[in-house]
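Structure in structure tokens, see below.
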Amino acid sequence: MTTTIDASPAAPALGEGPRAARRSIDGPALSGGLTAILGAIGLALGLSVIFGEPRQLRIGWLLPLVGVRLDLDPLGGVFVAATGAVAIAVGIYAVGYARREHWARFPLVTLPLFVAGMLLVPAAGSVTTFLLAWELMAATSLILVLSEHRRKEVRCAGVFYAVMTQLGFVFILIALVVLSAAGGGDAFTTIEANVDNLTQGPRNAIFLLTVLGFGSKAGLLPLHAWLPKAHPEAPSPVSALMSAAMVNMGIYGIIRIDLQLLAPGPHWWGLTLMIFGAVSAVFGVLQASVATDLKQLLAYSTTENMGLITLALGAATLLTSSGAPTVAAIALTAALLHLLSHAAFKTLGFLAAGSVLAATGLRDLDKLGGLARRMPVTTVMFGIAALGASGLPLGAGFVSEWLLLQSLIHAPHDSITLVALAMPLSVGAVALTTGLGIAAMVKAFGVGFLARPRSAAAEAAREAPKSMLAGMTLAAAACVVFAIAPVLLSPTLQRVLAVLPRVGGDSAGPQIETILRLPGVAGSISPGLLAAALVIAILLALALARWGRRHRPPVAVTPLWASGADSLSPRMQYTATSFAEPLQRVFDDILRPDTNVEVTHFAESQYLVERVSYRTLMADPVEQRFYTPVVQAVTSWAQLVRRAHTGSVHLYLAYGAAGLLIVLLVAR
Amino acid sequence: MSWIGKIGRVGRIVEPAPDAPEAAIVPPTGVTGSLQLRHVDCGSCNGCELEITSAFSPVYDAERFGARLVASPRHADALLATGVVTHNMRQPLLNTLKAIPEPRIVIAVGDCAVNGGVFTKGYGVVGTVGDVVPVDVEIPGCPPTPQQIITALRSVTGR
Amino acid sequence: MSALAVAAAALQVVGVLAGAPLVVGGMRQVRARLEGRAGGGIGQPWRDLRKQLRKQQITPRGTTVVFALAPAVVAGSSLLIAAIVPIIALGSPLDSVADLFGVVGLLFLGTVALTLAGIDTGTAFGGMGSSREITIAALVEPTILLAIFALSVPGQSANLAAIVSATANNPEQLVSPGSLLAFVALAIVIIAETGRLPVDNPSTHLELTMIHEAMVLEYAGPKLALVEWASSMRLTVLLALVANLFFPWGIAGADPSLLAVLIGLASIAVKVVVLAGLLAAGEVFIAKLRLFRVPELLAGSFLLALLAVTASYFLGTPTS
Amino acid sequence: MNQATYTGVLDLAAGAFLLAAVLIVWRRELRAIVRMLAAQGVALATIPLTVGMYQKDAALVVVGVVVLLLRAVVLPLLLARAVGTEDHERRESTPLVNTTASLLITAGLTVLAYAVTRPIIDLDPSPATRAVPAAFAVILIAVFVMVSRRRALSQAVGFMMLDNGIAATAFLITSGVPLIVELGASLDVLFAVLVLGLLTGHMRRTFGGTDLDQLRELRD
């Protein structure tokens, strides 16, 4: 029964795509529509699995020896559903975007394929299928990143992305192979059945490898460096898909392998996850708060949010292993909820940034501004996204971060010193992350959309076409739901938690109703009522401001106060760089910005300054310290190899033959 | 903490307030005892500035009558203009007045502001403050004493 | 919850509305007296407010709805906090709607609104003030959350009523190092968050040294009145919150009698007056810090908050 | 005194002890630092006094009085004299680690102290032992101060903090050390401070300042 539904994602994409491009009558509409349809199917399927019974599908002929094997359980279902939801919004948006940007046929074809790949990853029921879907996802995303390959930065980012993602794939490959070898089977179910007779050594190895491999896909430090390069350079709908859906796959891998199959591990597992998460969160948000490229800022904020999610997962693991399943359930809920809400507001953010990019051709916040009057809808959309990303009340990210904090402060501290020390520090990390996140988002929204335009391009901005607005509206609606009515998601979360018994999922999770209460610990909040009360309070304040208006002269519209001068030029405004300058100075030791100021004096007198040029370069410090040496080593080694390349075909054939012989001898 | 002792020894150094003068104008907003001032130096010799400063010093303490100097004309009710209006300060003076929300009043401080004083017909001089903007209250004197300034302010604040 | 509890919550809001300007006036008066001046009197802020409310409203050209709404958002968030926080009575009907984290979130919502308004004006000073304000806010957040953590350890909850009643039930934990350190840390961050000395000088006329003032330079008339009112309400609510978190005596219970409510009103008035007087008196002795020395201050308070948490973990709770 | 007040006073003393150390890291004016050191001495002396009164142990009370005199009065006075008269000597102008960083490091050290002393507490969780982490944290902070400060006097302060921390740990764990041992230790400190005073005097005469980095010039 499920065959028809379940096989559909990949098949039509392969069929329809090229034909659409060939006929090239409105390829964008076809490609976008297809993406949206795939998304809808994924969403429906995911929900049906979450609330119905798990679905299986075997296609023996598609793959030798093992065949393709798809098992969809609530855990996979929620990821499929999230990916699908993102894909719907992005698909609708992509119609207008691809028209405006005149996409070539190749990305048009690849977009649905990419979505199909992402939908297959969580549905994979066996190691082989998983790896296959993973590679499909990685390859298609790489193609999409390279779709504007005429620009040099894009090519550079593409190479970087290719190397990193394959590196991560190697880790995952080894880990899963070890797992299936030890688990005595290819299917996850078989592995789960006899995972318990797995000794600690391989467990630890698998844990570390998966954390590294999946972490690189989720953009965790230190393997994050591809993310702030690739996400901004990709076309915006693709950035949205990658940043809101693809990174989730890394988290999915960690949950599936480490939390569902291997957990509960020793204490240091949870601690490792927490450290990875905290470092990634703080580092990502720090980079975001000094970034001046709108899309790069959003990409760094993705690293930040993935870090928070990982931190929550680590907390769940640590709490379970230290015997506090109830609190662990809260942490786990926080992780899942934050993952979903991040998908919502990050989609919206990248789509809004995309329509700014399409309207002005600008990503540089220092040149933007004044869009609130020119692109009102887009401005509102980005505002909703920024509010969600900053984790303030009325924002999509608030409830999940609140849950995370609750789980951290209610950890049992008289049991294990490790817990008692880890929790305060991670509260500090989370708090610093939220604080800097607020700063970053205020900068992005305020400098980018408010005030007056800082360049002619921003001056001439026009509102985005209907389909783009429609796509954004969907994502915005999701954000609003997360912000004020998370109660709608509580059944989903309950069902998903139920399949993660090893990390406290089976104990009673938080009851998300109109008033969100936590079992076991006294703590409650109600985002919906809070929003309502705030609106009432604001109306009350406005009413207060009407007091004594009988005596008032009529409202006047006057020019800005220019300290006595006649007018202010837009260049007098604060830019993103100057806005972030205090933060940059505070965190100088970590950010290590490369700034230099050149003052040219007049020839007549050194007291008269002719020109001052200030240049600051924000390079990713981790990249500089950690990657550059590696890259250099690899290049030098490649130089050695290069000697062997003489260009003679015979020699190459000889190499091949020699290699074959060696293989035969070894394999004998 | 030798300062505490200092504070104790000094005590209150503010001079006793003479009884309130008759109101020069009705308080514009109908609220007495609150007057925010934005000071503009239109080309003064800074004598008046010194006296204004000391009018707000602990000795004379104009704040006890509800007068306060503010940073932005948007926050102000009155323009405190000193000195003759020079060519360069004419437009800024007008801009500042425009930036003050209605109802607003203009107080000209010192002989220069009132009648040009010693700078009348100087080559860089446009004229008195009254020539540029409508003046409501005039404080003569070169420079006026803090007591005079405070009396004038009180006649505006009505306190 | 009884009707009287609701009435008490309403009384809190009204009391903060009416009392906040008086608190500021009182602080100015204390400062004036210590400087040897006579001062404008406690009612001066009220006079200024009434006058500003009768003045013309000005919309600077080029500003958007953000600029127009920000004062209402700041004031509204402060009012909501006043309704949630246990000031007079414990059983606020909104107590389960937001805990201490929620209150901090509302606080930052107000800050962000004003910051965006500062950017929205598009003047150099507005941007400068916003940039500084947001920097300080970002550094304040860790301390404030850690302090909440330390406070929530004894009561095993971050709900305000729970914390306050836990303190009221066994007051000896007040002299524990944990809560003392938390008090100092919270005091520092509240000073930073409400823009008092030594972080910001509320009575400066020099734009280059401004933080809060620089953001509101463009506001005039009723909107300015709302901004001033809101900032005084913020200060008052936070003082009241600290007062009740650490000295919860006299606060009415969850289901109060009329007498209890009156006692609560009187006691909180006394506490806030005392705290405000101390704050004002302290401000006479200190000068404003350089902006880039402020992080030192906040790092120090962060350290204190961390010590508070660890201390209340290891000292406060008997290890058993 | 009863159990509750005993615990309360002991915890407060430990907290003040730690707080004084933190403030010594925080402040830069040498005079303020010396004042903090005196306060720390008071807090230190409180511990044996409290324990002595609680356990009705006269010797401990005597030790407490001696400690009070020596650490809260004599040594700070000596240091204050050594602070010197020139203006540029009054501040720890440029510590090797900036204040923000050193405060965060202090936080880390404190947490570390709590972590490593957890076993000691679990041995017998009495009010006294539960205050040990604070004392141990002071030891670590003192070492950090000695590492990160330039002025010879800050180094002296660090050294005395170190000794305070050791003494506090001794009092808390063994609930009192023999009088003679305590006196011996204190005398060592006394001599050390005198020597440091001489050294700073010599340095000031030789280099015109007590910036220890200038000692590099003495190499070979």
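Chains here go by letter, A, B, C and D, matching the order in which they are written, and residues are numbered from 1 within each.
Going forward, a contact is a pair of C-beta atoms (placed from the backbone, for glycine too) under 8 Å apart; a residue touches a chain by one contact, two chains touch by 3 or more.
Note that the coordinates shown come from a computational prediction; the quantities given were computed from them, not determined experimentally.
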Nearest-to-centre chain - CA centroid comparison:
C
Would you kindly tell me how far, in whole Å, the mean C-alpha position of chain C lies from that of chain A?
35
Indicate the whole-number Å distance between the mean C-alpha point of chain B and the mean C-alpha point of chain D.
57
Report the inter-centroid distance (CA atoms only) between chain A and chain B in whole Å.
59
Residues of chain D touching 2+ other chains?
100, 111, 114, 118
Counting only residues that touch at least 2 other chains, which ones in chain A make the list?
420-421, 424-425, 551, 553, 556, 558, 561-562, 586
Residues of chain B whose C-beta touches two or more other chains:
29-30, 72, 74, 101-103
Can you name every chain pair that touches?
A-B, A-C, A-D, B-C, C-D
Contact residues on chain A for chain D in the complex?
417, 420-421, 424-425, 586, 589
Report the residues of chain C in contact with chain D in the complex, numbered from low to high.
172, 175-178, 180-181, 295-296, 299-300, 302-304, 306-307, 310-311, 313-316, 318-320
Which bits of chain D are touching chain C when the two form their complex?
4, 8, 11-12, 14-16, 18-19, 22, 26, 99-100, 103-104, 106-107, 110-111, 114, 118, 121-122, 125, 130-131, 133-134
Footprint of chain A on chain C - complex, ascending
17, 50, 53-62, 64, 66, 69, 71-73, 75-77, 79-80, 83, 94, 96-99, 101-102, 105-106, 108-109, 112, 115-116, 119-124, 126-128, 130-132, 134-135, 137-146, 148-149, 152-153, 155-159, 162, 217-218, 221-223, 225-226, 229-230, 291-292, 295, 302, 306, 309-310, 313-314, 317, 319-320
Of all residues in chain C, those that touch chain B in their complex:
32-41, 44, 47-48, 50-51, 54-58, 204-207, 210, 213, 217-221, 224, 284-285
